[in-house]
Each structure stands twice: as structure tokens, then as C-alpha cells.
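Shown next, in C-alpha cells, is the structure this report addresses.
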Amino acid sequence: MRPSGRALDQMRPVSLEIGFAKHAEGSCLIKFGDTHVLCAATLEERVPPWIRGQGKGWVTAEYGMLPRATNTRMQREAARGKQSGRTQEIQRLIGRSLRAVTDLEAMGEMQITVDCDVIQADGGTRTASITGAYVALHLALRSAVERGLLPSVPLIDQVAAVSCGLYKQNAVLDLDYLEDSSAEADTNFVLTGAKGIVEIQGTAEDSPFSEDQFMELMDLAKKGVAELVELQRQILELE
Amino acid sequence: MRPSGRALDQMRPVSLEIGFAKHAEGSCLIKFGDTHVLCAATLEERVPPWIRGQGKGWVTAEYGMLPRATNTRMQREAARGKQSGRTQEIQRLIGRSLRAVTDLEAMGEMQITVDCDVIQADGGTRTASITGAYVALHLALRSAVERGLLPSVPLIDQVAAVSCGLYKQNAVLDLDYLEDSSAEADTNFVLTGAKGIVEIQGTAEDSPFSEDQFMELMDLAKKGVAELVELQRQILELE
Amino acid sequence: MRPSGRALDQMRPVSLEIGFAKHAEGSCLIKFGDTHVLCAATLEERVPPWIRGQGKGWVTAEYGMLPRATNTRMQREAARGKQSGRTQEIQRLIGRSLRAVTDLEAMGEMQITVDCDVIQADGGTRTASITGAYVALHLALRSAVERGLLPSVPLIDQVAAVSCGLYKQNAVLDLDYLEDSSAEADTNFVLTGAKGIVEIQGTAEDSPFSEDQFMELMDLAKKGVAELVELQRQILELE
Amino acid sequence: MRPSGRALDQMRPVSLEIGFAKHAEGSCLIKFGDTHVLCAATLEERVPPWIRGQGKGWVTAEYGMLPRATNTRMQREAARGKQSGRTQEIQRLIGRSLRAVTDLEAMGEMQITVDCDVIQADGGTRTASITGAYVALHLALRSAVERGLLPSVPLIDQVAAVSCGLYKQNAVLDLDYLEDSSAEADTNFVLTGAKGIVEIQGTAEDSPFSEDQFMELMDLAKKGVAELVELQRQILELE
Amino acid sequence: MRPSGRALDQMRPVSLEIGFAKHAEGSCLIKFGDTHVLCAATLEERVPPWIRGQGKGWVTAEYGMLPRATNTRMQREAARGKQSGRTQEIQRLIGRSLRAVTDLEAMGEMQITVDCDVIQADGGTRTASITGAYVALHLALRSAVERGLLPSVPLIDQVAAVSCGLYKQNAVLDLDYLEDSSAEADTNFVLTGAKGIVEIQGTAEDSPFSEDQFMELMDLAKKGVAELVELQRQILELE
Amino acid sequence: MRPSGRALDQMRPVSLEIGFAKHAEGSCLIKFGDTHVLCAATLEERVPPWIRGQGKGWVTAEYGMLPRATNTRMQREAARGKQSGRTQEIQRLIGRSLRAVTDLEAMGEMQITVDCDVIQADGGTRTASITGAYVALHLALRSAVERGLLPSVPLIDQVAAVSCGLYKQNAVLDLDYLEDSSAEADTNFVLTGAKGIVEIQGTAEDSPFSEDQFMELMDLAKKGVAELVELQRQILELE
């Protein structure tokens, strides 16, 4: 039924490759099928002005897409002179998701910025970004521990994200671009390793959907995030 | 328990005043307690370039806040030279919510832009905006019917929105600013008259929340939206 | 002779309502007929960098219009990414007018910003803004006195403004939009309670006008401003 | 009494040099003492979109200052990314002044843009710009006549401008920078050859001024503009 | 003598990988040691307005760097709202270099845009970009031939680029970042397969250099470009 | 053979006039035939933040063109809201050229900004700018010596620039606009008084050129710069 031939509850092949960006304190190239995102975390020993002097840290994210990551070339945002509303929405979402599992007090006055740059897009760039950004963040914090800046990695839990949607009235997991562009509903779930809810974004594309349908989507999301969390554990060699 | 003394499932006093903006094709001043939003709908007999020639219409929204709508003066976005990410996120949400209940095909090549300008803010500006924008949109479409541009109002259902949150670990309806700024979770529900889901946005502010808590919030939202939908019916004199 | 049926030297009904903006230190909703402007004054205990350390204060103003304040919707300046030349011209005028009656030395290092936002426009938005902004400024300074920040209100005089014009070769007072758009000359007078001149702006729209005509316009302005100053005295309960 | 030793009603030495800009259809380097402005008129056989198809023409102006035209270097507006409110105010004033003496209907669908660039500034740059821009405009229209595009020069009258002010409580003509920066009042008068009023801008710098003082300033302005109009006639060899 | 231990006339290991960007008509990931640039060519069957109707094509380029491509994170140009002078200089150079070997007349009304995005930077990003962009351009034109849009690939020659510099007074080939940041002179040579000169950019960093030194650098460049041109031939399987 | 009738190795008449800008610490109006550039140097006793505290100075340049300096009016960069890539490229080049002959250490914490504004353009504006900017810089530094801020002028050598090109396959010196727009190659040489190379920029406009042709161009450049350096010596009265 799905264009890719996947089962309704089947994710695309997911891979995580760490250390891709030589200069970054932590980095991860994440692939959800043909969606490829390079996540690079930068650690700085200073915080934004509005948080200064409180003894706590900050985690933020920026998001971008190479102009030809997509099927049709998009105008370069730097040339256009501003980031689109969509870009800003996504980078705010990534930042909030990461902060939800970080103990900012335990970080001290340190800031980590995770750049998520989409090298190739095939749907689900924001969920892949969150999932990969967590790995880059973890590695950057680990490097801070190694350099003696922190006693331990100040992360409370893992965080990962997946999209689910109604496609031809079926609840399906991890929409690719073909599915996404004709889905009746599109939802993104950001969940922790302990299955806590960090963010839910659900949108009816055409006509409203029901509470029952929503619960089906949430069940799929829990399955998908569990798989992603396990992959994060393996690559990060968490016990 | 709530700073305002409201019951957990009690909305603030809501009022709707139509015809507030003399020039607009439809307008509504909506108040959720001390949150006041002026919604003004503009009807134009042309559509954006990317939809032209398809015989269908478009509904969009813009959002703004007067600089001193808030407790501390915010920089004027026009002076700053750009709209914030938050502003863009909200106006995209309002537009999607309105389109979800509009039969764009039945509109013909006509565009309606609803301006939602916050005159005074005390939390819940986006949900008040959606609820009031629906009324302004309805009135503008009704004026198109009166002018013979349309045979009937091309709206499939009503749409309204409310925020719910976890405040001191209680699920509460319609957060005001005091509650919002210290809530553990903040969710916005955009629902139709028939209780279909149009948009769900849920954010854990501090630590993740559980699926059970989320279901409690959704129940409150259904109650709140039902009240709003009834107020819309009264002011619009729908049967 | 006038579209509104007013006498040549008759102003539109003017009303002033104070305390409209809950959060502002001083606020005033002023109406010149169908022109409605919300003036909100913000008091901050710091001054711009270029005046710092001189022990004196600063008063400034910003001006905006809701997109559908006018008959045809105007593009939102925040979306367009810049303030028009007209907007900047008007807000500079409001600021200069307010400073002309303020004893900046007596203010100490304190800044007041008055936001003038046009909710509905029917000609004369700049003159209504100045007249209302004075009231908001006065109230904000009075609140500073009440909070013990100042020994007394550091205002030397009142200030108010009115437009006059040549309409069908007659000198008329307080142009509304219909008159303004076909006037032969358009002038704005900013005068003090003591009838001192603060600002004069006169523009021939089509063909030049004579000195005699200009003197007629100035006489009308003095009459109009006297009425406005009296209304300010009443609402502010000045002896 | 004046720093320059001039009589109260004495202008600075004024010179006009035409043909300064090789490429422009009309050009004039105007000097009011140490204030030097290069005015260059460009003629194009097309009009802005909003006037197209009406068979009439348009005259507009742009204004700029070289960064080191002034005593202290100002930031380059092109580098800063926007024109200041002052710049926009002045270029709008120049454009209106020129249009007031132009028969736009008689121009046909043709646009003239006059660039006024201040090479050196010593007060009065806007009045020198208007006076010189008229000459450049006249020459550009004359070249259109020579090329057979127009039967005759579509100008109704001449236009020139001068500033007057209250300096140490004396009314003085043509303020230079030293006087301008400590004047009690600063006014600009744009008048025609026939002494009609095109624009009046008067500003009290510190405390309001009286109607009598204003009339004194207007008398000085009439004297000054008469001299400028005569110099324009000579350089343009008008009979 | 060189920090990397390379011989004076030795390039870093160079690799070219084609087909890296799934959606692009032609793509190449080029590596000059630790400098990695993704070049993606987009083919569109329309040309910019200023060239339209002349029956000829256009080739252009855009350049960007991921924020953490460098040792210290750079601000994202899209967030900053404009491209730096350096970015614009480089993308103009890449475009000119490609056009110098393209027969624009033979292309017909078709445009190719090559995006060069630096994934990781270690000096020489502009020369790697030009060398890789040629490959992407060639592939995109080849795909146009395959789709029947062109009879043959309209390229006159190959083009490649390399930097040379004076490092500790020695002429060295292909500067890496360490060398570049302390070089006495930095030159970039863009040469064709036939050793024709397309672009030369030479800059003395500290003190001027001599004509003899310049000739030494040009000799190194010819050697380096010859190697790059050979690698291009291999990957493109040119005879 | 040349449109102007000049010999292949003949420059246009060059003139230098100093003291043109009354307010600037050093200024020079330079003419290369019909190309006229006003160079004005501003001395400030502070340096940019990134160099502060190192005890050394900075020299930088900005470049602009009056809108009607050219045959067809160009849009004003201040109105357009940004400087073009070409403008930024040129001003960076001027700054680098001046710094190459300045002993920044000997300057102390002082900055000189040279504004190069093209009053009229006929090709070669960047080379005229560099040549004139050197004179303005020299004068500004001399004024610093006169004011006791520096013991001597911290310039190591003179610097001047000239363009050479291939025009109808002949190497010609100092291209004017007519030649420049149809040249096969265009090169700019920035050389010192001692004939050291500061910058070389060479571009093939159409088809690549050979090393021999490049050497011919460099020989012409050395001749041209020698003449310019001599003119600089005369105007600056260097022994």
C-alpha cells in the first residue's frame, strides 16, 4: 500500500555516523532513508546575554537545507536575506526538544549550538534532525567532561522524534516525501527514552481527524521512537 | 489553586464584539479575560500567483502585537525589520486552522486575509486569535454572499481553539499569563464544531509529561472549545 | 459644503479615554471622528547610549497602523521588513512635539516611549496621535511622581495638533479622509496651550497657495487646538 | 552677530554650475557657501507601475550624503542597509516641491528622477538640493524638447527653497551649520517664482515660537527665494 | 618545512565522488585533503530576465559554508540576513570560471546553477569549489544531452583551480589552512585544460612580492591544475 | 586603433587635486580622463573591536558610485538596502592595497577610513580609487604628524593601480569604458613605488588568454604605475 512497499509500522532504514565533522565538538550524520542530515554541535564557554550570571547553561539549534537537497532547487536563504517561517519553526522545535532532556543548571555557564543541515531531503527532516542532534549534543557534552569542564554528562534522558500520518486513511509510521505530500494528517512526536512526551505537533492537511485516529498515530510513534532510542544507545555505547 | 481563583476547568470570561473595524469586510474584537485581539478580514478578488488559474480560493492570516500589549514593552517588529519566529509560527497556525474548515474550491478565485492584532496580552493570544478570526472570516464570506459574489458561505464547520496546561501538576483550562509562565506543559488544541482535530501543539516546558496527562488536557480542550463554538454561534446568529 | 456637513471651522467629535492599555504607565485612546489611535506610554529608567551620563531624560515616539485601519488593506510593515518613509516622518514629528513641552533636564535619566497605533483611520492620524500622545505622556510622568521617581511632572505646557486645508478653495478645519484626498493644500499645526508654535508643516497638493490663505489656515488651527487643549485639561483634571 | 559676519538678511554666496555630470540629461552643481550638492536628472521613457496607462508623467527625487560630507564621518547608508528617516523625509520633500511646478499631464508617460548628492555639508542641504534640482529638472526637460519628445518644457513656474531661523532670538536668513545647531527655531520655505507657497516646515528646537516671529521668518524667506530664482533664470537663460 | 610534511610542489590528496546529491542533475563531492565541498548542479529550462530572448544560456554559481565547517563556528549567513563580501566574491569567481569554458550560445535558453557548499574547510575552498563545480556542470549538461535537450555537451575545455603561496619565503602548492593563515602571499589560479588563463588573483598579505616570485607561483599552479584536470578526465571518463 | 585614439601604452590624462573635501583629514579628487573619484580619509583615534588592545592601527576603505555616475542610472545602493557584490569586492581590494604599504604597528591605535566615491565613471574606477586613496591616506597621516599624534608618516612605500587589457587582441594600458566593455581580457595591477606586486586580478572575459599575453599586460602596468607614482610624488611634494 505504501509507495516504498514498507509495512504500515515500518521505519525507513536509519543510520547514524558519528565524527563526520572534524572541527565540531560533537557531530552525527543521520540518515532516515534518503533524508540525510548533518548535525554538528559547537560548545562555547559563554551564554547568551539574557541568561548571563545565573550560573546555568543553554542549548540551542539552527536548521538549514542545502538549496538542492530537494527535488526542485529552493532559493538559498542566505541569498534571500532571511530564514523562512518554516525554518525558524523547525529550529525552535529542535532547541526545545534538546533542552527538555538537558539539566541546564548542571551545565554551568556554557552554551551548545547544534547545527542541523539537511544535505538531502525526502520527508521527515525535522524528526531526523532532532534524533541526530541529540547524539551530537551528547558527544559535545562528553567532550566537555573529557576536558574537565563538567563532572558528568548533564543529560536526564534521551530524546528522539518520528513523524506519523494518515495516508489513504491508514496510520503509517515515518512518512517519506511521497506520502507526506498527499497525507490527510501529519504529526510529529518528540519522545524521551522513558516514553515521556516532549513535543506533539499534529496537523490535519485537508479535513479534521478524530481522537481515535490520533491515538493510533501516537502508538506508532512510540514504536518508532523506541527503535531510534536503541540506535542512539548503540552508537553512543550507552550501557 | 489558580492565581485567578478559577476552577480547573473554567475558562476566563469570553466576549466577542463584531463590526469593530469599520473598513474591514468582517471584523471581531475577541476578549479572553485581559487578552484582547482585534481580528479584521479583508476580501480581495484575486489569489496569490502560485494558486492562480485553478479556480479556487485562499485564506491566510497575519498576526501582530502592539509593542505595549505586554507587561514589558517589546520592540516593534516593523522597526526591528523582521517578524520573529514566534510571530510567523502563530500566523501560519491561524491560516492553517481557518483553511481546514473552508471549502477553497467553492470560494472561487478570491482571497481572504485575516489580520489578528493583539491589543492587550495576558496569555492565550493564539487561541483567542483563531477563535475570533473564524468569526471575522465568516462575516467576510457572508458579505461576499450579500454582494452576489458567492451563492453561499463556503464553510464546512466552525473552528475554535483553547490552551490547556499542567499547572502545579494539575490539568487546567485556558492558561493566563501567570499560569503560562510557570506551567509544566503547555498545549494548544484547535478543534472543529464537530470535535474533529485540526491542530494539536503540545510542549513540555521543563520535564516530559505522560500520555495520561495529555488525555486529560484533551478532555479539557473539548469542553472549552464547545463553549467557544456556542459563543460563535450566538454572535453569528447561526441556527 | 463639506462631505460630512460640518461647518468650515468645525472639528469632528473628539473623545479621549484614558487607561485603555492595562500594562502601560500611561495610555489614551483618542478619537477624531472615525480616526482612532491608541497611545501607550512606556517609562524606562535608562536612556539611549548617546545621551547617557548627562543626567537628562528622553522622550520618543513610534507610530504604526493596523493593516486594515484603512479602506484598502495596506501591507503590514513588519512583514514588508521596513517602516515606510511616511511612518518614520510621522513618528519623528510626534517625538519632537512631545519634547518641545518636556523639561528633559528635570526628568533625570529616564526615557518615555509613546506608541501611537492607529486602530482605524479617517484622516488626521498624525494630529490625533500627537494630541493623544501628550495625554499618555502626562499620565506616565504622573505615575513616576506617584512612585517617587520625580518630584513633579516635568511638563512646561500642553501640546496638541490639528490639520487644516484648502478644500474647494475654502479654508477648513480638521480634514477627514474624503477632504484630505482632494484638498488643494494640507497643513498640520502643532501648538502649545499658550499658542506657541511647535511645528508647522504645510504642503500644496496641486498648485501653490498664497500667504493670505496660509494665515486663514493658521487661524483655524488656533481655534481647533484651543478646543483640544481644553479636552486634555478635562481628562487630565488639570486645574 | 552671526558667526560668519553676514547681515541678518544676507544669504551665503550662491553659485550654480550646469553640465557637471557628463552622462545625466540635466545636471547642476549648486553651492550655498560651503554646502555643495550635485543634482543630476535622469529621464526615462517609462513611468512607475501605479501611474502607468494614464498618459501622464512623474517626477521624483533621491537624496544622499557622502559619508565625509560632514564634520564627523557618518556611516554610509548603503553599508548600514537602509536610508535614515531624515534621508527619506528630505527626498520626499524634494520630489513634492518639483512636482508642484511641473505639468505632469503635459509630460506624457515619462519619468524624471533627480539625484541630489551632498558632496560637502554646512547646513541647508535640503534647500540647496531643491534649488539645484529645479535647474537639473529644467535642463532634462529641455533636452527632451530638443530630442522631439515634448513640444515645450512642461514647467509652470520656478521653485526654490531657503531656510530661516531664530538665532539668538534674531530672525536670520540661510542658516549655516554653526547657526543651525544652536538655533531656537528652524524653518524651511519652498516658494515659487510667483511667491506661491509650495511647502513650509517649521520646527521649534527648544521652546515654542510666536506667530509674529514666524511672519518675520517668512519675510526673510521671500527675499532669499527671490534671489535664488533670479540666479536660476540667469543660468538657464530664461527671458 | 610544510606543517603537513608535503613537498613544496605537492598537492593534498584529491578525491572526486560523483552522484552524491540524489536530486541534482549533476553532483560531485570534492575533497582537497580536509577541505570537502559538495557541488550540485541544477538545470532549468529558463534564463534570467536580462538574457531572455537571445537564444543563449547562462551558467551561475552560489557558494556557502556550513556554520561549523571551520574551526570556530561562524554565524549562519541566513540568520545574519546577508551574504558576506567574501561569499559574494567567491561565488562570482566560480560563475565566471565556469562560463569561460562554456559555449553559452550552444546551450540555448537553459540555465545551470551550481551550488558549492563547504561541508568542511581547511583552506582552498574556492579552488576546490571551481574544480568540483566543473564536474557537476559537465554531468548536468550530459544529462541534458541524454534527455534530448542538447545535441552535445557545450563545453569548450575543462577548468580547474589551485592556490599557491609564499610560505616562509618558499613558493608552495595548494595551501592548507595553517599555511594560508601565515603565508606572505596568496594566489589563486584558474586555468583550462589547455593551460589558458581564466582568472588570476594574487594578494600580498604583508609586504609586496616580486615578479620572479609570481612566476614561480604560476609554474606551481600549472603543475597542480594539470593533476586536477587529469582527475576530472578520469571521473568523467573523458577520452 | 583605440576608440580614444590613444597609443597602446598611453594612459588617459590623469589629474590629482588635493583638499577637495573641507572636513576630511585628507582628500583627493582624482581623474583618469572622464573617470572622477573623490577620495576622503577620516582619522579616528580608535580601532575596530577585533584589533583593540594590540597597540596597532587599521586602514580600511569604502566605495560607492553616485547613481548617475554611469551612462544609464543605477539603483542607489542605500535605497536597495544593500551593497552589491561588486561594491564589496572593490572596497575590500582598496583596503588591502592601502594596508600593504602601511606600517600598522607604527600607527598605534588609530583607524583611517578612506571613502572612495565615484562622481563620474568611464572605466577604471577601482584603479583610480586606489591611486587617489593613497594620496588621501598620506595626507591624513601627515595631519596626524602635524597634530603630534605620530612621530612620522608610517608609510613604507607608495601604491598605485592601473588596468590593462586585451582589446582586439592588442595589449592596451588603462582601459576606458568603451574598451572595457568589449575587451577579451581585463586585468588590474596594484603595484608599489618599488614595483612590488600588491594585488593582481586578471579575468578572461570570453576565452582564456596565454601566459605570454599576461606578461605583456604586466609590462604595460609597470609603465603606467610608474607614471602614477610620479604624479603622487609631485602632488604630495615628496622628495
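A, B, C, D, E and F label the chains in the order they appear, each numbered from 1.
Note that contacts are C-beta pairs under 8 Å (C-beta built on N, C-alpha and C of every residue); 3 or more make two chains touch, one makes a residue touch a chain.
Which chain is which protein? Per UniProt: A, B, C, D, E, F = Ribonuclease PH.
None of these values were measured; they are calculated from a predicted model.
S.K.: Counting a repeat as over half of the contact pairs in common, which of A-E, E-F or A-B repeats B-C?
M.R.: So the equivalent interface, with over half the same contact pairs, is A-E.
S.K.: For chain D (Ribonuclease PH) and chain F (Ribonuclease PH), let me know how many angstrom lie between their CA-based centres, rounded off.
M.R.: 33
S.K.: Any idea how many Å lie between the Cα centroids of chain A (Ribonuclease PH) and chain C (Ribonuclease PH)?
M.R.: Measuring from centre to centre gives 51 Å for this pair.
S.K.: Determine the centre-to-centre distance between chain C (Ribonuclease PH) and chain D (Ribonuclease PH), using the mean Cα coordinates as centres, and give it in whole Å.
M.R.: Spacing between the chain centres: roughly 28 Å.
S.K.: Which chain F (Ribonuclease PH) residues reach two or more other chains?
M.R.: In chain F (Ribonuclease PH), residues 81-82 touch at least two other chains, as defined above.
S.K.: What order results when the ring of chains is traversed from chain C (Ribonuclease PH), passing next through chain D (Ribonuclease PH)?
M.R.: C, D, F, E, A, B
S.K.: Which of the residues in chain E (Ribonuclease PH) come into contact with chain F (Ribonuclease PH) in the complex?
M.R.: Checking each residue of chain E (Ribonuclease PH) against chain F (Ribonuclease PH) gives 82, 85-86, 88-89, 91-92, 96, 100, 156-157, 187, 191-192, 194-204, 206-211, 214, 218.
S.K.: Per the contact definition, I'd like the list of chain D (Ribonuclease PH) residues that touch chain F (Ribonuclease PH) in the complex.
M.R.: 21-24, 27, 34, 38, 40, 42, 44, 62, 64, 66-71, 73, 76-83, 87, 113, 115, 117, 119-120
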